[in-house]
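The letters A, B and C name the chains in turn, as written, and every chain counts its residues from 1.
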Amino acid sequence: MGGIVMLKRIVLLVVVLAAALPAGAQETIKVGLVTALSGQSAQAGEAISRGLQTAIDELNAKGGILKGRKLELLRRDDEATPAKGVIAARELVFKEKVAVLFGGLDTPVSLAIVPLMNQEKIPFMGPWAAGTAITRNGANPNFAFRVSAVDELVDKAMLQYSLKTFNAKSCGMILVNNPWGESNEKGLTAALAAKGMKAAGVEKFEANDVDVVPQLSRLKAAGADCLFLVGNVGPSSQVVKSLDRMGWKPPIVSHWGPAGGRFTELAGPSARNVHFVQTYSFFGTQRPVGQKVLKALMAKYPDIKGPADVTPAVGVANAYDAMMLVALAIEKAGSTDGPAIREGFYKIDRYEGLIKTYEKPFSPQTHDALTENDYVWTQFIDNQIVPVGLKN
Amino acid sequence: MKRPGVLAITVGFAAAAAGAWLGNSYYVFVIATLALTALVGVGLNVLVGLAGQVSFGHVGFYAMGAYAVAILTTSGKWSFWAALPAAGVIAAATGALLALPAVRVRGPYLAMVTIAFGFIVENAASEWKGLTGGQNGIMGIAQPFAERWIALFAIALAAVATVAFALLRDNRLGKAMLAVKDSETAAESIGIDPVRVKTVAFALSAGCAGIAGGVFAPLAGFVTPSTFAFSQSILFVLAVMIGGAGTVAGPLVGAAVVVLLPEALASLAEYRLLLFGVLLLGVLLAAPEGVVGTLDRLLGRRKPRCLEGTPAALGASSGLELEAERLGIVFGGVRAASGVSFRAPPGRITSLIGPNGAGKSTVLNLLGGFYRPQEGTVRLDRTSIGGLAAWRIARAGVARTYQTTQLFDSMSVAENVSLASPRGESERYLGFVGYRGELDAGAGSLAHVDKRLVEIARALAMQPSVLLLDEPAAGLSAADKRRLAALLKEIAAAGVAVVLVEHDMAMVMDISDSIVVLDAGVVVAYGPPQEIRTSPAVRNAYLGDGASRLAASRQDAAPGARLLETSGLRAAYGAEPVLQGVNCDVREREFVAVLGANGAGKSTLMRALAGLHRPVQGTIAFAGETLSALAAHEIVRRGIVLVPEGRQVFPELSVRENLELGAFACGGEAPAIESMLERFPRLRERLAQRAGLLSGGEQQMLAVARGLMGRPKLLMLDEPSLGLAPKVIQDLFATLDRLRSDAATILLVDQMAELALSLAERAYVLQAGQIVSQGSPAEVAAGAGIEQAYLGARA
Amino acid sequence: MLASALLSGLGLGSMYGLLALGFYVTYSVSRTVNFSQGSSMMLGAVLAYTFVMRAGWPLVLAIAAALLLCALYGVVVERIAVRPFVKRRSEGWLMSTVAVGIIADNAVLFTFGKEPRGFSVPWTAASADVLGVHVSALQVAIPAVGLGAAAVLHAFSRRSRLGKAMRAVMQNPDAARLMGIDVSLAVAAAYAIASVFAGVAGVMIAPLFNVHSDMGTVFGLKAFAVAILGGITSAWGVVLAGLVFGAAESLITAFLGSSYTQILTFALVIVALAIRPDGLLGRAVVRKV
């Protein structure tokens, strides 16, 4: 047995070496990721890493792309600050010479990196950060692409949903005090203004706040009958628990934050009152791609025992599809040349992905692969994210 | 700055510039970041390394500079070259403003004020949306020139700042900052206003941070609040501390560590911070004074530079009279001085004497402005200077020295003196006082006598009308004292009004023109030396009276075996030797007294025996065991208990708790407390009171009782009669007498020589750290040493 | 609104006070503090969670074990990050305790996990309406435990042998040595106590909050502000300042809006220190030369 394994390895080595001989053309294709890997957002960074790695493993197992070149992921921690993110991006671009750079979850970090990418003509792919200006950055040619939600669209959808489902008259905003919260404040205010409405009140809270009662009391006093919630899973659960303590039960329409973790465990039974937007859920019946990815995740990461452990699911799903689309773009380009890959994105016809089947996802006008039609309204029932109305 | 240091710094900057010129965009950016961090670090070093203040809020100034340039060049349409100086000015002005509250607080309070400032700036940046663009900040800041040139510009700025720092450190202002760091008190005594100096330090260092931020904005192309988080402030302080605060190259090395180390660890992704933390701790543990500081210490020494030629004369003084008028002050309910009036005419030596705790130093502090008089005033040539800040009084012409020398330890001897001199002269004054050591020696490492001389030289360099001296002879050898006496006479002869607080009676009697005797804060005698020497009040205050009344009532239990024995015991404070080979012993059931002048080493001997003073050379043997290496708490458990000088009861604890703590080492409080209360009935009434509220005598009783609670095999008492009224001293010695008759083993140090000898069975006389005479009380009393030590009778 | 804001403010304030008491204890005994006090709080919560939710231990046992380990952590911090610097008269402990905090936070990140976890204890959900304000059991329990812990510290320092020894060290380390008190032991004990207090705060906050490696950072910082505001050498000052700070935070948020909360509370600290440089109840030290 051992001898056979050994022999196989030697053969493999010879093959690899032989393949590598012609002018190093077969060297690996490096892709970079700059995101928060430590601190509060470590889990989100891990989710993006896992989504990318799962896609890369799948591609490499099939023999790589561009006729046998393997993909390699290089990750850097930006500690959620733009300054660190920009240095990390420079390192990956100039020192490691990555073909494509993936962004992380903080909009300011991505906004700080994108000008560099446009200048160096290397494609940037955003699997998470939803700030509108990341892809609509005014540059020509524009090298920033995204497979994620867009705040502006989510905000419109949130308002739409609150009017339709809860017949809301006067909405209050409760937003985490960071760039993401502020970007949605703008978006929601604009969405309300478009309908000739005004917010009952806008309140911010810190991501590490234990108690949000004072802010919520202000919204209640201002006559809010529905809350727009923007915050990651931890901060979102603080809002829900604070509402419980106040004994106030307004309907809550939320951005996708609660999907980032064990929301029910964190927020308690009232978690189910929060209706939030989603791009993807591993719960329920999965299409073949979903089954395949979930299986791969469970095989690779021992802490994943079922769909509930894939958190935040959006990070994994967006990153997986983003990587697959990047691979297709490189194939279409036929090289790792930045401008060619950019053109390659536009040439993608159809890709049967995890989130959806993408039909001509990118064009010079649209650098966002997901649209408002791809948002699903969901809620937590026990430990599962399910579309609203499916269970009760 | 030593030559290898200059070379290393030059090479470092050249390498950075070469890297910025040749490297790819990543290296250019990293080097630029490094240069900006170094620039902030150099600025922060002015505050931390020179002025001795800490700031955990420097990111606030950095942010202000960055936002100023961002806002002015984008919406303000200013040119970068106009915006950058504006950024520096805004930050510096804010720094000066922050100094208003910051100079009022110290230590952790200062840390908090600066932390709070950093947070306010960060939050204001995210809330003041109209100006700052809120959380998402300002993007797309135009670069005034190519990135490579920005990096080179940043390197140039850092280099200029480094040179400026080196110049500042050697210039008057920088020295004034160091002076404030080393000793605010001494700085004030040579006319430096600490508030102003600290404010300037804050402004300069904030300005550097502001300029660095101003370059960061176009380099990065964006500013957002999260770029300027608290953690960044910590990195700045880290850069200074890792490198070595106060050194020229320190912040450069430190900046390299905090910027390059994370880059070197970048490929560790999420594990980077963890490893960064570990390496940080390692570096701090390996080089607690910073990398450069530690290297400095390991490398090179300077060539010694000494004074040559004959001592110069002192120029004539302006000749003003100092007058104290009914000075009074109360500390925590205790009248430390009350109605103190006297004159110190020019060209004369006026001495203040009195037992320990009589208020001599307090009066000196009132004269020099260290304390603000609550009653009365001080006049200099009929102008009232009472209540002015110390530095103003110093500038008005009143110089002083301190009981424990207050030199600027991190500066050289020459720097200490030249800083005080309006013309920056040092050699003249050092020559005049007779200093013969190295001019460039660090003041902190000087021998005791040289510290005294340098301090006097520093005071004289102020060209004062009045010179206040607080125990200048303490701890000096007989020969040194003679030289000092001659020096003081010479100073007076130059027209200076000399005010002297001194314990050495021989010297006081010899050189004073008039003497003020204080006891318990009140003037009890005032006149020329002859008058004072014969005054009964003075004799009483010093020697006590009627020692003979104590009956030698001990049931002559013959002393037993040797309990305690020292041989060749040596101890030193820093470079200054205090005990120089003391051999003494105490037998069981023996009462031994140790006598000697102030500064002879009596207290140090006690502290060495009790384990408070470590390390010591030589041996201390007790009941067959060697104690020289044991710590105090271990020695107590072996049965040696010290009742320390100044009583040192625990003021916030009740009398009962104090007593209980006395039995901490051996347990069994309750019965022992009862027996103490029988011995000291006064304590019974006060049992529940806070010890701090007791009178001095009661506190001393408590201290003795507390010592006895430990059931000592050897009880040591250090100056128990200090600062007590004569009647109380009688009571105290009666108590000691009873203890003696109970066959306790006692080692006593007391300034009341006669009383001590009346109780003791054997005595040692200590002078300059050596035993000069020993034997029975009669033998010792008959010897010449004792009179000389205490009353200054000429041998 | 006033009542509910005050209630939640005082609750949080008592936890700030608890953490700040840790600063008080170590500072009084040794003139040093653990700048990463927040990490000790995080450890308390993380350990209690791990023992209850993962190991399935009974609550009381789990909390006891967590606090014991916190005490141990405090001793270790003192040993490796404070004592070596104090011995060499270096201020390096300022930075080294920060480094230890970074290490602790990241070590927990990789062992405990990156996800925030919810730690719900059965009785925390109980609630009632009191005088028109909705009050949960935990909200009552938190200030009660906070003040209780302060009272325990008070009793400990007055009644126990070690407590008295520590008070002696606070007032006069040399005299304490002469009583046979091992000062370095007292300092280690102070660090243990500080860590345990932080741990208690962590366990109490955990059900209201969520458990993750980063949960203590902001708390630790605010607690430092509280300790300084109160006067770091005054236990009662620290407790009082905690309540003031907590109430100020939630009242400012409730009546002026959250935009101003941090700016105003930190400005309050600066102004208070400008007026009282030794904190609310701190006592000025008489300078001597």
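Assume a residue touches a chain if its C-beta (ideal position, glycine included) is under 8 Å from a C-beta of that chain, and two chains touch if they have at least 3 such contacts.
The structure displayed is predicted, hence computed values, not measured ones.
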Chain whose Cα mean lies nearest the overall Cα mean: C
Top-ranked pair of chains - ranking by C-beta pairs in contact: B-C
With chain centres taken as the means of their Cα atoms, state the distance from subunit B to subunit C in Å. 32
Which whole number of Å gives the spacing of the CA centres of subunit A and subunit B? 58
Taking the mean of the C-alpha atoms as each chain's centre, how many Å separate subunit A from subunit C? 37
Could you check subunit B for residues that touch two or more other chains and list them? 270, 273
Contacts with two or more other chains, residues of subunit C listed in rising order: 106, 109, 259, 262
Going through subunit A residue by residue, note those that touch at least 2 other chains and give them in order. 38, 42, 45-46, 177
Where on subunit A is subunit B touching in the complex? 37-38, 42, 45-46, 74-77, 79-83, 86-88, 90-91, 93-95, 106-108, 111-112, 115, 120, 131, 177-179, 181-183
Complex contacts: residues of subunit B adjacent to subunit A: 24-27, 29-30, 33, 126, 134-137, 139-140, 220-222, 224, 226-227, 229, 263, 266-267, 269-270, 272-273
What part of subunit B is in contact with subunit C in the complex they form? 54, 100-101, 104-106, 108-109, 111-113, 115-117, 119-120, 123-124, 127, 185, 230, 234, 237-238, 241-242, 270-271, 273-274, 276-278, 280-281, 284-285, 288-289, 331-332, 361, 365, 370, 402-404, 406, 470, 610-612, 631-633, 636-637, 641-642, 644, 648-653, 657, 660-662, 664-666, 706-707, 710
Contacts from subunit A onto subunit C in the complex sit at residues 38-40, 42-43, 45-46, 177, 203-206, 208, 210-211, 213-215, 217-218, 221, 233-234, 237-238, 241, 244-247, 261-262, 265-268, 303, 311
Which bits of subunit C are touching subunit A when the two form their complex? 1, 4-5, 8-9, 11-12, 106, 109, 113-118, 120, 125, 127, 129, 134-136, 139, 205, 208-210, 212-215, 217-219, 250-251, 253-254, 257-259, 262
